[in-house]
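A, B, C, D, E, F, G and H label the chains in the order they appear, each numbered from 1.
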């Protein structure tokens, strides 16, 4: 069988550890990779409940699994005690993606509160939470449909805003392209974007920023 | 030569008169159509200055031409004395399209003020004008880039809001698709849309609504 | 658990109430939102029969559910006694979308008759119903495939025509883009459009217009 | 220099002669090909006035050039005395394409009248000419924007209808995709289509049909 | 319940009868339409085995169903005794579509032999059958992937060639767009196209042509 | 004339000042906006040499114009004395975009060196500069074609990496979509992206990050 | 029943034998084709386990089936004893496609080792295997997401590199278009590409090259 | 000024030398790069006549420029005395791309004859040259429109076939996507592709293959 080559040095090199994207891998492959991990910690993303159920029972028991975000933690648990980004979320349907970000941050040791249901169709909801949002050093925003939240938010706060477009929506919004283009074409300067539904990627980007903002945050090279 | 068949009955049938879309027509064709019009009034849209210059001088003199919107009025002038929609506009670059709408309304007898530079990157500008905008029976909104203005506006007013996406922008916004999808995928219910850069179409839609809202507005069939 | 924030003020602000789009939400989330609603009325859209069955029995019993349109009414029932728009529908397959519009209107108190099977491949069918259609103050048109009905209809009536492109069709029509572009690129001026399969949005747009057409219809701001 | 290989046998084999698509060829290449033609007849399409002007004067004089369709006839003239298809055309801007079809038919010996300005926004114009159109053995229909004419027409006549979508339009119609998809997704069965702006191809398709409809029309193989 | 309006006059008007596209319709709707048909004949397309099984047993028994093409005949059977088009087919996977065309022709009274497995990767297979193919008055060609068969065939025969692109293929060919564009962009003049997987539409186009080719084939208007 | 509304408060609110995107604006509009600026500083982007030449001479003289990046500084000059991001650039053709970023940073007071010609086709060039690049607190990467530089770079450094896809390339790379998708779909976690050719946006994103990294960098709200 | 026409001469003519693409074919059709094969060898691709199970037991037993690649060998087994290409693979999820290539090569008699998990996010993994990869006469590279591996690899080796983009990924990478465009738009000259997920095609391309590289490799025509 | 970093080691490393893509570079940048080249040879591609004219006269004189392909040779001339690939070309309009390939090969020392005007609409032209084409060790095929030539050719020869799709065509073929997809979706196995209009890339791919086919052709690593 082909050997698996986990990039264990990635965290030292880039500040963020390699994670195991389970979509597209068989349960057998996932099992073999976990076995090869030794005692090391590993974050699993996009692990469906069906695939989880197909893992050996002992391995399943070793996973801290969260069904809403389809993520699992493998290895020793840690307490997320660093101050992380705020996660701002347009609607209830976006919570799956928001939670993938929150879990990825927790795995890396960061607390990241989720501020949900602040979509711009009812602008007062965002305004009500604005001071709280302005308190974060980095903001992750999750929105589907047209993604108008990204522009409104980036026009109101001065922290870095990382847009995570979600695939929530139908018709021209199906698959998340409308929200993605809403983020990229935004009239609010300084907004940055990751791939559709990429809560993990949004979290990693926030970590890169937060590490440099920490006192003594210095190049690790 | 092929005869031209203007649909002179369109106004009686649908409430909005046929207009002459000059893009794609030669100056010779435009001249022939105007000649065939007899004394009747006609709105010309997308008439470039080059094409205008290629018309016979006498015909040129008979046109009330506006270079910013590339529109011209042919025939008797009328005073726009009916109360029309408000035209809300995200940025200076959208004024070309906003003015096509305003001129189309003026040709049909409606006054339509333009409220410009209220894009959501600086939300306070929209908020400052909100009461004024709430006073209109119908609102036409023009925006390019990601078109976030459409959602914010439709979440704040109760009048019908007609989005006119503009082709302002570059990268994924080039050509206006991002703004169009922003309008179609909007999280604010009840927003309606016309084609990209179709200021004329937005005006016609407003006219259909305003005629029915007028006291005594009744089916014309 | 994250709190849900329903925009209960939306109806007062924009004339149309917030609805609960069930696609993309778990049954648990839907249940929690309904519980948080207190006694207030709520419209649920895109509620599949599978998700309905996953709700607690008591909650299921409190819903007035319509399987064809996948909509449900929560809360006190009202009699739809206001005169609403006409809903014109190209084919039998479009009825799902047409009925989502009709139910959304009924929830808001409007009667909206559906005129079905008047696609333009057999033009006489539309012509036969034309006088009846001309009697409506607003027309919602639902069509898939190429959406030619939109242009023909908007060229024959003077009321506002709201196109709701449906995802009916295959090949280049799959997903509804051909019908959507048919509406946007229409040669008939004054046609407006909402997102593909968005019967709810078409209904909300009609409500915005009808409220302003009603005697005493005035800005609510 | 590379030799050119005209497929002189194509007419015998397929019923339609090879034509010279001048777009993408230099004036020098066009000149060399005409020289290599000997006395044989050749149809040139998409020959811009600039490229025509760049040909040697003697060669220019040998061409029967039509600026509206950008076509030219090279070689002996013939009288178009066979009864050809009818060409039905939505708007004035489509005449360029319609005329490319008419000229291609004339070069092959067919008379093809153009019935213009019968777009469906004013349906009465089409209805007024319907009996005339029903008299043709084959109908070529040219339309841009949403191409609704194709479906309406194919639902009203029993002859083969060949749609030639044109690139007339802007926004989502720019480039002709909306009209093309309107033809392909048509609800009217039996409609066939060629490429956008391909008046020449529409003419060739009609010729293939007409040859077989002629008394004694038999396989040429 | 909404009444269904079958366009029973379509055959008299356009030469081809209305068919019932079952995709997108519920079994209940299909049953109601068949009931409303009275004794009249009707062709059903895209009727899946699941939906067939959901029809009442008596209705099922009244259908002549063909699983490969998912078509059914309702009403009196007729003998297909008119000479129809040849159906040329690139690969085995295209037979589903080819058979939809053949069944649609049989329902209308035409015999249409299928010549399969003549894709151009092994050109000799097409060459071996070429004389036979040249004997048809009209040719329907079915191909997926890149659709190169369309161009090669149209360059070899003089009959009208109707391309039916199929959705056979993966990657850039998935869904049939590559084959469709192969037909539309063909270098072989006079090729015409219908929508992807539209075997029924290809058959209807052939019928329109064949009726006019028949001795005494005259306008029916 | 419509009044212009510059969002002068944007810098206080979001950390980055509003800039004047000159594409899509007439020289007259640009002139009017500059006049309305009073003595305040303003950055102009996408100001073509033609449009510059159309400004009044006095206004032209007041601009510090850079032709490679098509940017201009209006108002008092400042010395860029803050340490800014590194700008890493795949090829010479990307320098236009890289320089738009560098100039936007200089206008805001940041020094940003450009490290050019380190595309991955010759990986040694990037490796040679790697230690230097690892020294930056934030990295802006500019690349066109397939944008492979983004993934390689983000896998080698631990600073935040902001991808600015450029429209350099042809065929499937034309317009910059291939590079944009290369950035969004990157296998290297934590990479963020802005719109195609948006050097200004990349600079603004870097400024948002750098302000928070500075000692005493605190929310400005 | 329609006869099947396998192109048995393809190997002699083009160097690669026809294979049976099972996707899109019914189990009955696959069975009939295998029966018609006589004793001849045949490679089956994209044979799902469901379809395999639907074949008659005897036929199933005659197949050497590999579930990871969904391929099967029919007919006499041979020993792959020729030196084949190296297959380089970005991630574990790409192994399905890599293995389709390896199995296609084994069927044709070539040994092709798979070098997995060398994606560029952890560049050291590729560098570690570089000398080994440089030893192959032809390299097949399989990668999904953004496909940056293709450019990096083609810039480091001098053998022909055949990119096989995989559909691994989500958001803008879903379906494999981002990886495909990454290969086509590559800044590394001389890279060639096949269709998404086309491991079989990549193998056939390698075989065409290897046959010519073999001592005495000569045209087979 | 930024220094330019030519990858002079590329030829040793990958077998093909770096070339200078002039599109997207200013004349000043091109001049600076040539100056930095010292006496070394360099191939320039996509050098328009306008940009050539903007170079200093001395530099212009040092270039061997070919206007049809927009290529130039800088540095010592060499005699192309190695046997190269055959270049097969569908139509006259494709010669620009075919010649870019031929010139790139000549610069590297390979003779590559062009076989033009063998498009499949007149299949006999290809058949007439087939034996000649079968004599080449590698074949480069250039075609636009639907690119059917690629499949036909790859089904007839056993050498590696490199498709170079050209942007020749209009409508759905505009820009070359139809031809590109025709190559990628080909039913003929073992065909490989490069980017649209990338004659240089096709040449480099052929060189990688030919170097390995040469007696003594061995890994260079």
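The working rule: a contact is a pair of C-beta atoms (placed from the backbone, for glycine too) under 8 Å apart; a residue touches a chain by one contact, two chains touch by 3 or more.
Since we're looking at a predicted model, the values are computed, not measured.
Comparing the centres of all chains, each the average of its CA atoms, the largest separation from chain A belongs to D. For E-H, the equivalent interface within A-C, C-D or F-H is the one where over half of the contact pairs agree by residue number, namely C-D.
Summarising the inter-chain layout, the chain whose CA centre lies farthest from the centre of chain B is G.
With each centre defined as the average position of its C-alpha atoms, the distance from chain G to chain H rounds to 26 Å. Chain A and chain E have Cα centroids lying 49 Å from one another. Averaged C-alpha coordinates put the centre of chain E at 35 Å from the centre of chain G. Looking at chain G, residues 10, 13, 18, 121-122, 154-156, 171-173, 177, 180, 184-186, 188-189, 195-196 sit in touch with two or more other chains. All chain pairs that count as touching, in label order, are A-B, A-C, A-F, A-G, B-C, B-D, B-F, C-D, C-E, D-E, D-H, E-G, E-H, F-G, F-H, G-H.
On the side of chain A, the complex with chain B involves touching residues 90-91, 119-123, 145-148, 150-152, 154-156, 169, 171-173, 177-189. Residues 10, 13-16, 18-19, 130-131, 134-138, 154-162, 180, 184-186, 188-196, 200-201, 204-205, 207-209, 211-213, 217, 219-221 of chain D are the ones touching chain E in the complex.
Taken together, the chain A residues at the contact with chain C in this complex read 68, 92-93, 95, 114, 116-118, 121-122, 124-125, 144, 168, 170-174. Those residues of chain A lying in contact with chain G across their complex are 2-7, 9-10, 18, 21, 23-26, 29, 33, 46, 165, 167, 175-177, 180, 195-198.
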